[in-house]
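Both complexes below contain subunit A, partnered by subunit B and then by subunit C.
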Partner chain A sequence: MPVMKDKELRIVGFLCNWCSYGGADTAGVARAEQPTDLRIIRVPCSGRVDPLFIVKALLSGADGVLVSGCHPRDCHYSSGNFYARRRLEVLKHFLPALGIDNARFEYTWVSASEGQRWQQVVTAFTRRIHTLGAAPGFEDAPLLMKTADMAPAPLRPLGTGKNAPLESLKQAIKEKLPDLACVIGWKQGYDDAHTTPLFAKKPEDVDELVWGPLNAANLAVYLPLFKGKKVGIVVKGCDSRSVVELLQENLVAREDVTIFALPCEGTLDMGRVNEKLGRYNVVGGIAHGATNITITTDGQEHDFSMAEYAQNKCRGCTEPEAVLSDVRMGDSPLVQGEAPVPQELALLDAMNLDERRSFWRTQMERCLRCYACRNACPMCVCRDYCISDSRDPHWMTQEAGVTQKLFFQTIHALHLAGRCTGCGECQRACPVGIPILGLRQHIARTVGELFDNYRAGIDPAAVPPLLGYEVEERNIREREWK
Partner chain B sequence: MRIGVFVCHCGSNIAGTVDCAKVAEIAKNFPDVVYADDPMYTCAEPGQAAIEAAIHEHKLDGVVVASCSPRMHEATFRRTVERAGLNRYMFEMANIREHVSWIGKEQQANTNKSAELVEIAVAKLRNNRPLAAKTFDVTKKTLIVGGGVAGIQAALDCAEGGIPVILVERESTIGGKMAKLDKTFPTVDCSACILGPKMVDVAQHPGITLYACAEIEEVSGYVGNFSVKIRKRATYIDWEKCTGCGACSEKCPSKKTPDVFNEFTGTTTAINIPFPQAIPKKAVINAQYCRQFTKGKCGVCAKVCPAGAIDYAMQDSFVTEEVGCIIAATGYELMDWTIYQEYGGGRYPDVITSLQYERLLSASGPTGGHIVRPSDGREPQTIVFIQCVGSRDNSIGRPYCSGFCCMYTAKQAILTKDHLPQSRSYVFYMDIRTPGKMYDEFSRRAVEEYGVEYIRGRVSAVYPDGLGRYVVMGADTLLGEPVEIRADMVVLAVGIEAAKNAPALAEKLRISYDKYGFFMESHVKLKPVETNTAGVFLAGVCQGAKDIPASVAQGSAAAAKALALFARDKLENDPQTAQVDARRCVGCGKCIRCCPFGAITETEIRNEKKAQVIETVCQGCGLCTSTCPQGAVQLSHATDNQILAEVNALCR
Partner chain C sequence: MSAIRFATPDGLPAFLARLSENSRILAPAVKPAGKRSVIFEDWHEGMPVILEKATVPPKDAVLPQCETLFTYKKSKNPDNREDVALCLENRAEARPTVIFACRPCDARGFAVLDRPYLKGPFADPYYKAKRANLTVITITCASGCNTCFCHWVGGGPSSPEGSDILMTEIDGGFVLQSMTEAGEKLLESAGLDDGREVFAKAEAARKTAWASLASAPAIKTAPQCIAALFDNEQFWQEHTEACLSCGACTYFCPTCYCFNITDEGDAFDEKGGRRLRSWDNCMSSLFTREASGHNPRTQKALRMRNRIAHKFSTYPENWGAFSCNGCGRCISGCPVCLDIRAVVLNAIAAAASEA
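Our next item is the complex of A and B:
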């Protein structure tokens, strides 16, 4: 059934059975007249409302979505609405990153006795949506291509790790190896200019370990595969945060993982490196300077200075050293200054809602739906059971439309809310170079703002904020309904 | 699927603003709908019969009724489809009365909206699966927390009904607040005389196990099968040996110990039995005042105890009890009235609480039942009672009425006249609230027979006049005049508040509490004893202010709920519980961390950790489902696919 043309807009409500649905009933019993736009979906608890239902509705043509539950402290299930409050507040902040006006989504608390309040809420929300008008779609947004700027100067000197005590580290790994199923590290890949993961089981394997700016991959992605086995892993600072987050989420047990760390001097943006190398037949050699590497292909020398070719994330990096390690070597680098706004996020910040919709439409047109972003993500532990390619639950269709692809990005981003360490592997893996990291950075910033500067993957004992709640939230306020 | 849709007219309630026939006509176009009709009253006997007939005739395997709120008749229609041989969960309801016909007058919009609500219901129904309840065994035993009059009544009723009872009391004796009262309204009979025998019954009943000086440490399990860990606080006396002879407290040299039972109106000994009728009648040492503990030497009680029961080295101990249900009857406390600086904030010895006054009135109290001023021991001639001290006062965040103060103030004023015939009593009140049986008559007697002077108004200040008396400044709002009374004594009807650790207990029991700390009943009117956690019931003031008759009634009501629960040998769960798809589960435990009921545990399947739902504990909130990123936990009857079907039906 379509909405009544020129009269109604599509407004979807998710109401908890115990309080708000009862409140809407009370309003009915009191014959409290309301606009007719709202369609109510009854759920047991506001805590049952997955924020993805809301995004799904908004991407599929809803003009407004309203969630209502029991008042805090009055939840039928004692704490369901406390969790809902955090998750829905994060969503409220996140929607504009997609280009959706977050005034189109609201959540509130109405008890079963508050018929009058319900009438007010429905009337005010419907009026608000009518003021905003029909929601603009993504498919027909004008195309807009924008790219992120280069990051500013790094917070620490970038280098090639030439002087890192790699040999001592190898020795240390060999000492521990008898107790471990394997040690994950990097080794030379198909040529000198590329690395590939190393799974060292024997001491001679360990000799293959390499260290340097080519070690861009975050090896923490392999850790959950070894769940239950004792493994070692060599980490850069950023990788260590992924390991810590895995520990926080019980995806890896602390006693099962031995962390070997060297201070990271930065990694190369292999996308740009490969672009500059172009097509070649043979790598003739690679030379590490202190702050640059020289790669010789087909007899031609290419010089890559770290200052110019480092990954963007390395410039804003404040944790070149592992936040948690068992074996640590090398000198601590000096980090100076505050982390800047990441480039992908700055790019989003600089756009208005219309531009962001256009931007994402343009980017999603390019998306191949290859799921490389997901597979590279160390926090995407669902693996074969990702909800984006399952029938039960059936969140996504196999259609190739822009909204489906953007919905997948939203699933990934929201599932990473409060968990993403910003390692950037998703974006690095993207074969068409979509700056999807911006969505994750946007949520990470929101989580920090709402929950006392929380950063994922710092403290193994910390409870991720969306898996907890405070009875009185310091930074979440009930909004007025007038 | 073959779905039948019934669009109810509800007389003119729905049909008045919704074209029901048209809605039924539109519904025929929805997928899988093979039959649609618009009966006049679907919930009436002919309406239900028509549904049953249609199920048989059209071989329906799912039914949608568009009518009133599912909160009204979902259970009714589930039974209807069940009678016709369908699973009760193959039914959905569209609320086109409360959410449509009653809130809008425009027929076209209403008809369109109704058809859409039917469409959502059909979309959901197409994803429904038959669900079956599971049965499980019950431990037929009740645990009661709190041995006040409500808990005592619940314990006796349960035990009389043949259900063993574990009664846990925080203090060293049961009896609660009622044991401290002198007389009770409206009959003015002696509190000890009516409560005492019940306390003795508790002690003597073979079906009741009493743990005094004990508290709830931990609660796990679910209705029918709770496991409760109880902390037995160290009393420093082996109660197995103690005979309650009292020789120890006679000889105890620490005689300046504050007397909790007497509301600090007097002092007692560091080792004592709170009052002669205490149950259990066992001594307890107050380690804060005992010289053996404070000075490290004394041991007098150990020397004089004929039973050798004294054990200074005693530690807290724990017992675990397996029970089938829990009754919370933790009562109340008086609020800290000293925040009222206008009444002296606790600085004036003759400004006391009504409960302290009760101890002065009591023959077993510190003055042997003589009303005397705490400051100088003289009999007061003029007594002012101030009501609503900490009740109905928004300025201190206590808007609620404490319920019984009007009545006990009238009682205390009457008793004062009995004790001191020459005295004069004044009562400052806001409103007189006496709605109980014989209550208003009783308070009238205070005025008409006993000459108590009631002044409608608040007291603005109480201060000493320098000559040993107190000036009470107030206003008579009926006369519109200021009032000034010289009083010998001021009695404050201090408002009640929930017991200090009530919220902590509520969290252990997984029940909700309101912002004042009173436990939340399941439904204000229709389920005043149940909580939202199955198998946990409420009795007495822990749920909200009430007097003795109401507390006793609720104690009995809670016992009735327990007995009804145990009338069956097996319990059935609500099958709307979460289910884990073990293949999808990665064992991260996020659902375990979030579940408000502890209903999800970790299990091992082929050496891999997986989540497992205890179906009997799961309450069906679905928080786990929205928490699990893989969608491995799905709440039956509100699965992702069911809700998505509804969203998809609306947004395309």
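Our next item is the complex of A and C:
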């Protein structure tokens, strides 16, 4: 996009064909004087504007992006701009999490007859972008390595599931098994200290089921693969929210899934556990205490107290029990207190925009683009048809730069807006430990703030907020142009 | 006669600094995070010397995650717009590189990559240039590891294949032994003390490491057994159920070498177009999707079959060695703890029971 050097900046405008594009035309016909920085892309409706258009423009070097559509209640397609309003407002809140000043993005409403308003909007926005100056990039941001703190004390006692009624659960699964294609659970993995998913089809498979703090994986990721078949799934509290979200989006049918639940006492942060275990030849044994497990490797005992080694999400967990289940056993734990700000999010909150750009550059450099984050995500149901793999439309290049990698994270995070239950599988699956969960947590917080404390995956009947709209939004205010 | 030198832990930074005068040094660096990782990075003075096994092998030195093969520009003749000139610029570049402190399995990875890239009917010029400029300093492992199985597949904690210099930790320092001419040349000008006196200690340490390994099962018949199971879809499905198809296993595998070629940018743009070669992985559905839209490997089970068969059956048929070095990263790094060893052993057992 050529610009007049030193005079113009790169500003991209996405304008609705029916209103704002006409409004710009009206301004032009009226010979209204306007700045020349804006490059207009005409779209059929502001509802057509994928928030990723805006992020891609900003990451590709745009200094500002303006979206303009028909006034609310005046959409040519009756409701396109209502959807746009929600999405764009979420994006407006999200951009700072990446380290992008959200003043560089604005959305507004201009009708075809409002030539004068268009002149005002484009002049004010261009002036604003010139005040901000050229957008700083990511590739050359100074390096900044920071790590999240450990979460504060848990909201409920953490344990090892030692006294959970596992045998009764196995019995219940065996009773239901004849009607099910399989029941998904956990079994021992390559050694005693690691678990791997179990797909029990025969009663003897069920005997392999394990329960405890090693069951970190969220098995809901497998459910959509069984679409049309009746399956059972064993869930922790957090996993159950993923199942509910899948039900909310009709990705799994309620009658096809049988949910088996035990109250969760927390799971271990296997990244830190493996770090402490270090290199070892064999696991000699594993002992479950009430609040700690002891793993013996090569004759040496390693003690892991749940209080210290539980995943951060488990400490802030307010739903240790499944929010929806068919077979439920065990005693309900007492949860006290409010969920704290998640640690990865707190880390982002503590940084300014420059630091965040530096932070993401530093983190993203080691990304392998393996997309384990995507494939481990129970909500990433596009599977083999992810837009990041598409060559046409060409969302992403194959280049290994941090901008591309960060853009992929943005794709994932924005596609999960209002859908992410915060299970943290993306981050757990990352082989190089990039704290990407913070981006999802950031959006989840925004969604809660904008849409009446909405939390994904709690109520199977609830409509995810970005799949709906209100004619009068309670928490979204139109911004004034001056 | 190989060169044998001795370095104290405090002497290593000076050794690296000396090497870095003429070469880029890739050395392990710790990336702190909730889940900490160790990544090979350009080393410069002041960086700590890390000797841990890296989370990701240094394969990037010869097969970058993404490399520009060449750039192309098209320009129109202003007098005749039909007349388009094409300008190609070769971007093959290689600078002298020393990999410091990779493990024997990582070094053997280069030997696996060399065969298809250099020893086939055509040598890959990009790979060849980087490989010819590469010197590999390997630190031998002091012990086995629960996910490692190098000795199953022809390697070991002090296997020299692919390494120019083997470095072994002993009391008070490290013995560096050259395994190739390049390694010898490097050591002779490295300014390190003579190590012949303490070499026996290094040999003893290597023996101890070997002795610490659990006995390896015989997997010599794996190529035939896996080939025999080719049509047994049920076997592959059972062993792939938990797989997320993410392909992380292939990206941190020292021997996986498949790539994708794409053109990015516009030939008429002032920056020109770029032909890129980037890592690809057989666990992705796109890997085999054809231009017609047909995809011969839509099921993840068949993709897993391809990965296992390539490592333990087809590559050995073509090149006479497994294309798996037993580094175990695909086990320890798998988000769902899939175990490639179990698949291979089960395949051998299944083929036996089928026959």
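The rule is short, and it goes like this: the second predicted complex is superposed on the first by the 481 of 482 C-alpha atoms of A that agree within 3 Å, B and C clash if a C-alpha of one lies under 4 Å from a C-alpha of the other, contacts with A are read in each partner's own complex, and residues count from 1 in each chain.
Definition applied: a residue touches a chain if its C-beta (ideal position, glycine included) is under 8 Å from a C-beta of that chain, and two chains touch if they have at least 3 such contacts.
What you see is a predicted model; the values in this text were computed from it and never measured.
Participant: Answer with clash or fit: subunit B and subunit C placed together on subunit A by superposition.
Facilitator: fit
Participant: Mind working out whether A:Met351 is in touch with subunit B, subunit C, both or neither, as first, second, both or neither?
Facilitator: It touches nothing on subunit B or subunit C.
Participant: Would you sort A:Asn312 into first (subunit B), second (subunit C), both or neither based on which partner it touches?
Facilitator: The second partner, subunit C, only.
Participant: Once the shared chain is lined up, is A:Asp191 touching subunit B (first), subunit C (second), both, or neither of them?
Facilitator: In the superposition, A:Asp191 contacts subunit C only.
Participant: In the overlaid three-chain picture, which partner chain does A:Leu268 touch, first (subunit B) or second (subunit C), both, or neither?
Facilitator: A:Leu268 sits against neither subunit B nor subunit C.
Participant: Counting only touches as set out at the top, which of subunit B and subunit C does A:Gln398 meet: first, second, both, neither?
Facilitator: The second partner, subunit C, only.
Participant: When the two structures are laid over each other on chain A, which of subunit B and subunit C touches more residues of subunit A?
Facilitator: B
Participant: Check the residue A:Ala429 against both partner chains and state whether it touches subunit B (first), subunit C (second), both, or neither.
Facilitator: second
Participant: Between subunit B (first) and subunit C (second), which, if any, makes contact with A:Ala376: first, second, both or neither?
Facilitator: A:Ala376 sits against subunit C, while subunit B stays out of touch.
Participant: Scan A:Ser79 for contacts with subunit B and subunit C and give back first, second, both or neither.
Facilitator: The first partner, subunit B, only.
Participant: Check whether A:Arg366 is in contact with subunit B, with subunit C, with both or with neither, and answer first, second, both or neither.
Facilitator: second
Participant: After superposing the two complexes on chain A, what is the shortest C-alpha distance between subunit B and subunit C, in Å?
Facilitator: When the complexes share the chain A frame, the smallest subunit B-subunit C C-alpha distance is 5 Å.
Participant: Please write out, lowest number first, the residues of subunit A touched by both subunit B and subunit C across the two complexes.
Facilitator: 383
Participant: Using the touch definition from the top, list the residues of subunit B that touch subunit A in their complex.
Facilitator: Where subunit B meets subunit A, its residues are 26, 69-72, 95, 97-100, 102-106, 108-110, 112-113, 115-117, 119-120, 510-515, 520, 532, 576, 583-584, 586-590, 593-594, 596-597, 607-608, 619-623, 625-627, 629-632, 634-635, 638-641, 643-644, 646-648, 650-652.
Participant: If you look only at subunit C, which of its residues touch subunit A in the complex?
Facilitator: Subunit C reaches subunit A through residues 31-37, 39, 53, 55-56, 64-66, 143-147, 212-214, 241-242, 244-248, 250-252, 260, 262, 264, 276, 278-279, 281, 284-286, 298, 331-333, 335-339, 341-342.
Participant: Inside the complex, what are the residues of subunit A that reach subunit B?
Facilitator: These residues of subunit A touch subunit B: 1, 4, 7-8, 10, 12, 17, 21-22, 24-25, 27-29, 31-36, 39-45, 47-50, 53, 56-57, 60-62, 73-80, 83, 87, 119, 224, 227-228, 249-251, 381-383, 385-387, 390, 392-395, 415, 463, 467-468.
Participant: Please output the residues of subunit A touching subunit C within their complex, sorted ascending.
Facilitator: Residue positions touching the partner: 145, 147-148, 189-191, 194-197, 199, 217, 221-222, 269-272, 274-275, 279-283, 297, 312, 366, 368-372, 374-376, 383-384, 389, 391, 397-400, 425, 427-435.
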